[in-house]
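Presented sequentially are two complexes of chain A, the first with chain B as partner and the second with chain C.
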Partner chain A sequence: MKTRAIISTLAVALAMSTSAVAETLNWARAGDSLTMDPHAQNEGPTHALASQVYEPLIQRDMAGKQVPALATEWSTDPNDPNVWKFKLREGVVFHDGAEFDSEDVVFSFQRAMSPDSDMKELLSSVKEVRADGKFGFEIVTDGPNPIMPANLNDIYIMDKGWTEKNNAVKVQDFEGGEDTFSAKNTNGTGPYVITSRVPDSKTVLEAFGNYWGKGQFPLEVTKINYTPIKNAATRVAALLSGEVDFIQDVPVQDLGRVGEDEKLKVITAPQNRVIFFGLNQGDADLKNDNVEGKNPFADVRVRRAMNMAINRDAIKKIVMRGQSIPAGVAMPPFVNGWTKELDQIPPGGAEAGKKLMAEAGYGDGFTVTLQCPNDRYINDEAICQAAVAMLGQIGITVNLDAKPKAQHFPEIGNLTTDFYMLGWGVPTYDSEYIFNFLMHTKGEKRGSWNGTRYSNADLDAKIVSLASETDLAKRDATIAEIWKQVQEDVLYLPIHHQVLNWGMANKVDTTVSPDDRARFKYFKLK
Partner chain B sequence: MERFRSFLASDFFYAFKRAPVAIVSFCIAAFMILTAILAPLIAPTNPFDPSTLNLMNGFTAPFSKNDFTGDHFLLGTDDQGRDVFSTILYGLRISLFVGFSAVLFAMVLGVSLGLLAAMTGGRTDAIIMRIADVQLSFPAILIAMLVFGIAKGITPPELRNEVAVWVLIISIGLADWVQFARVVRGAAMVERQKEYVEAAMLIGRGRVAIALKHILPNILASVLVIATISLALAIITEATLSFLGVGAPPTQPSLGTLIRIGQGFLFSGEWWILLFPALTLLMLALSVNLLGDWLRNTLNPKMEK
Partner chain C sequence: MFRFVGDPIENMLGQERTDADIDRLREQLGLNDPFIMQYWNFLSDALRGDMGISFRQGRPVVEILVERLPATLELAFVSAIIAIVVGVILGVYTAIRSKGFVTNLILTLSLIGVSLPTFLIGILLIYLFAVELNWLPSFGRGDVVQIGWWSTGLLTSSGLKAIILPAITLGLYQMTLIMRLVRSEMLEVMSADYIRFARARGLPERTINFRHALKNTLVPVITITGLQLGSIIAFAIITETVFQWPGVGLLFIDSVQFVDIPVMASYLMFISVMFVLINLIVDIVYVLIDPRLRIQGAA
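Right after this comes the complex of A and B.
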């Protein structure tokens, strides 16, 4: 009895002491944030850091569920389906002490919709934003938009006064190489304040004393040292030596080594990202092939044969060491519209593929170049190499051109590649996001990442109709129709859904979020 | 035949017979060159014909059977299911080809410039030798990387893989010519003072003819010694460049490329992908180097302690 009392007293004392002292977490991942301007780059690692400092109206928790952040309630206006109404959180202050109100929200949305902003696509259906009193906010869309809230997770709110005072109203022109005050300085409402930052080297974040979420979130991490470590072996070595407590990208070949270490653990979860190949099926002739006068990819039988030839199980077993989920559709399983039937791996194999190739008149095969990034996705270059061998078995000789993402992605955007690898994450968890970027005919407003030259007016009309369809059952039916067409036309050759591997010291207690974003305010420390 | 017999009776061959190190290293180097030439006949698979590869064979350990396919591989397979033994044979081919060609290029360049400097003297000599001095103050690998980087920048992307090997040869050759030029110049300056050269000048032979027909044969021995040692260095330089990822492309891997690929799997326990190409490179460089050392000592008895 007495010992138990002593133990429990000790436990309480211990618990109190740990919560009182500063708990530092040393965090590393392959890349750094590109800029601190929250509207300048729609990129994973950039938002990952920004989300510690800035907050959106609605956020996702570690499981991907939408929960209130700076807005406490939201709904469509019962009198006007084109208006979304938000009730804003009261008593929130920015890091510099300024009070948060609807003026800041209106300002931030207008900023995020400005031409230099990289977030404007997410707000393309917004006609007007307006304040409704000090703590009310309204978004007017150009037609009813039932999934508006899903687009708001990465629209961060800045302080109007601070931004105006520091001459940072205009969004940094990142592609143009502009450097601005807001690219280097931050003033958000988030749980952490950046106290020092040297880009690509080290960023220090400390807990914000007046954070509104105190008591609602664990907030056990009070100081974060963030170090980008590009080299995979160095990153793993840093974790093994205890120099860092948490890395977001354990290379698949080192999973065993990290997992075996008694002081470390690896948590694995499927990522909201699908990896696939795109094929130029729209042009009359390909630039990067040896077939004159016609485009072999234009023949759906060739695309089907290629889809069959890719042995996804082998890629999973050998290249990914079990760390992937073979995919039959270019859509992560988290997304509205995903079904098991769609994600079925195409049956057939190389033999059936060969037959189809012969049927299409390419029995002797052809030569084509595959463009592949080598620093973006997990084992991207190795996957491409494996695909080269697999396509070789149905007679297609593939020349591999692997290069850094900075040179690879413009090839897709500028339509200079005929056969390329791409990965797609879906922050809105809805098929419309995929259709808008990847399936719609490439044009001014939509299809910016559609490198297939595929154009189907009927499909485009269906995609556009999704934005203003209020009957969710009807909307889901249209989504299913679009996917059916996409699968029939073999728009893309899906490979797999990525799996996230977070490696961390035993003291860190967290789950893995499917968008690969560490939300440190939810982290617990043992 | 007569020549061969006189070679067997020569001092040179006598010295070779009495030097076990030379015999062993000669045998190893000759064996490697032979296997590299005959690689398509010896190698059980052609690792660069993608249609013959089966990814499921990936990461098979040496001397063991693959769990999925039941295939057997002498030295195991790499991450793409390529037979390590075959990749080494083909890699050796690229390494030796680059090594020999680079040395040949450096030799032709270095000997010509060295002779030119020695024969003309004056300003030409000064300019050539100052360039050589400046270049000598930079490490060869740095110069090779610089040349490689510039060449890569000016070649169109679709040709890059095809010309990579030639660019490699030129960049290593440009980094290595100084050795040849300096030695040839020094030796040629000495030869120039000799009576047979003066005699040739007296009968009115042209300077080019004198340089090539009279001086060059007399300094060829030292050129040969440098060439052998340079070969070992060129092979290592090529491997270093490829290891750094700026050399031979993955589709045409040299030993250095294979070592770079294998290095990524060292921590995860697939040691054979790294070890066997590395051992091959070590044996090749060591045997050529030892042979070069012996050659230097034999052809230049003054060197012997």
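Right after this comes the complex of A and C.
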């Protein structure tokens, strides 16, 4: 009797504590931000937290569309195609009360372009940044760059005075041996202020009273408690028990459990990330196969046969439990250049693939090793296992080598793998980004993620021409040409587009953004 | 070890990095130096108390460890206390009433405690007490109070609530171990001559059980318990991951995945130093509580 009384008072106390603070949102995801320095790490969870506190000139809304943030208008200079002009927002203040103006923007861009910055690659075409009056800003590029604004969504603006006063002009680096002030403290113009933070444990954000966007955004969430919860089962348990209201990564096996709960809902939307296999088609001989003196992947018929043999629907149904969109092209559907025709699943199937293999002279098949990460993409290792069985149907014996991402990705960079899995997200939402990293011949400036050894001078020239083509119609035509060639040559074997599953309490009202970023100022609460 | 954990560079640089960036960072971090050189640099820095900068967080490793240590130590001590108190009580009970339904039940249940893996026990407890009954939190440490550099969750109600499940999960294995050890030692002692003489002298059961039998039982129990305390701290990794307990174990797992070599190396150093220290303390305590060793030492 006594214990029951204690239990019921406990339950009442718990219920009261949750209902008393209605505008608080308890948010959990697998990983925590690595640093509060907005230019030190170009990484998802880090930017996700930074974007609540700091703002770029141009941001993306929950649908992935570019909308004004600290810049209200932007265009190229009609007299000089190498100059982008930005009109800055007036009346914006930083969290410490300092006024925002062009000086801060110039300072922040210079900081983001400094050698220790992780953001500098996005600004590699920038020759100079300069102020144009108090609320004007100009970017001078080393040639016309028609898609410059697409690179600016994660270039966050800091206050020049604050940063200089606190000795944080230099971007936090890892070898310096000293603490950078900006790695632990923040002062942005964003909708939320960090009021307390213990890394890997808990971060509390509260609404910024003087935010410029008041009245323009819902801003219904006034306090955010952010907790990284690494273990997927615990994360789901915390959502089920009501301790958190919103988790960004519901594991596919728990979708049913969360969806069934009447207090919770799951919202699903395609993610800006495509998963595919890369094949070493450039080398004369493969290191990880059993064919001597020849490279079977160099034969386009073999690549085509493999492309046919991979049964994307089966992977979707069995490995992904329905949570994927089968892909025919290595490009997420949001990206400029994507068409339905390109994304068509290659017809054929295992039988046709077998015939092609025989035509290519590999009727008896061959053996090759597939390198695969096991902690990076959703069910990555299981996808590879499924592919092993599917390729077995056309006679290719695949040995699977699955390992952690920290060991997998260097193999692609160092060209020690012949057959590998990779996933790609496109922050600029433009094909050029994909071409630069994945299709161009591997070299100093471009092709750093191209592990296929594919090299096509004609294609390279077209890719380079995109950067300075100001006629957008002509540019799109070139993009289509490049994709046509890439598909013909079967550069990659696309598998699927990942799907995001956000789990949340019924009171939370939001859509899922394709880049997996929760922009809390757009969240509504019921 | 550094060769097998993977390359930290990929995690430290974003997707847009160029090959030149990789080379530059590798050079800066000294990853291009020969293995012996890297080891020498690590040792000489460590001797000066400089454990380096975390690749993942960009903060001094010592600072991170000091920040995380209280959580792990509190969890370890609470679970050790639960394990010792409950383990000894149950051990004595099952030894004195060596036959009977309750004893058999306890012994059967203890088998489950020994054989179920920690993460499964943790998940089961979360499911039962957090999801179904909604009594206790499923993750985290609750509110903490800062006392100097030490952060404690033992002074707030949410902190106390939060420690219950992880402490039970972590201590369950040790508890069953202590219980079985106390039971078998006690059964052995109970059949010793001096207990029979004590009985013959007509001493009350209480005195025999607790003054003579238990006291003699505890000598080996203390040794084992002491050594187990080290493994409680070291193996808190799994419990901390399941409950998102912000201690050094969780830090270690995060570091392994990120290839945060400075943190991994410091954590392993810390654990080994701690094991050596605990063994030393146990040896000293052993001499203090067992008079026979002192007499031998004097002679």
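In this text, the second predicted complex is superposed on the first by the 498 of 526 C-alpha atoms of A that agree within 3 Å, B and C clash if a C-alpha of one lies under 4 Å from a C-alpha of the other, contacts with A are read in each partner's own complex, and residues count from 1 in each chain.
Throughout what follows, a contact is a pair of C-beta atoms (placed from the backbone, for glycine too) under 8 Å apart; a residue touches a chain by one contact, two chains touch by 3 or more.
None of these values were measured; they are calculated from a predicted model.
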item: Touched partner set for A:A314, first chain B, second chain C, both or neither; value: first
item: Touching partner for A:M390 - first (chain B), second (chain C), both, neither; value: first
item: Which of chain B and chain C A:S241 touches, first, second, both or neither; value: second
item: Chain B versus chain C as contact partner of A:G337, first or second or both or neither; value: neither
item: Superposition-derived comparison: chain B or chain C, residues of chain A touched; value: C
item: First (chain B), second (chain C), both or neither touched by A:A233; value: both
item: Touching partner for A:V198 - first (chain B), second (chain C), both, neither; value: second
item: Which of chain B and chain C A:A40 touches, first, second, both or neither; value: second
item: Shared contact residues on chain A - chain B and chain C; value: 233
item: Residues of chain A defined as touching chain C within the complex; value: 7, 10-11, 14, 34-35, 37, 40-43, 115, 118-119, 121-122, 172-177, 179-180, 183-184, 198-202, 227-231, 233-235, 237-238, 240-243, 375, 403-407, 409-410, 413, 425, 437, 444-445, 448-449
item: Complex contacts: residues of chain B adjacent to chain A; value: 49-56, 58-59, 68, 79-81, 157-158, 161, 250-251, 264-265, 267-270
item: Sites on chain A touched by chain B in the complex; value: 232-233, 236, 253-254, 256-257, 288, 311, 314-315, 317-319, 369, 381-382, 385-386, 388-393, 395, 397-402
item: Residues on chain C engaged by chain A in the complex (per definition of touch); value: 5-22, 24-25, 28-29, 50, 52-60, 64, 67, 123, 126-127, 130-131, 134-135, 137-141, 241-244, 246, 250-251, 253-254, 257-259
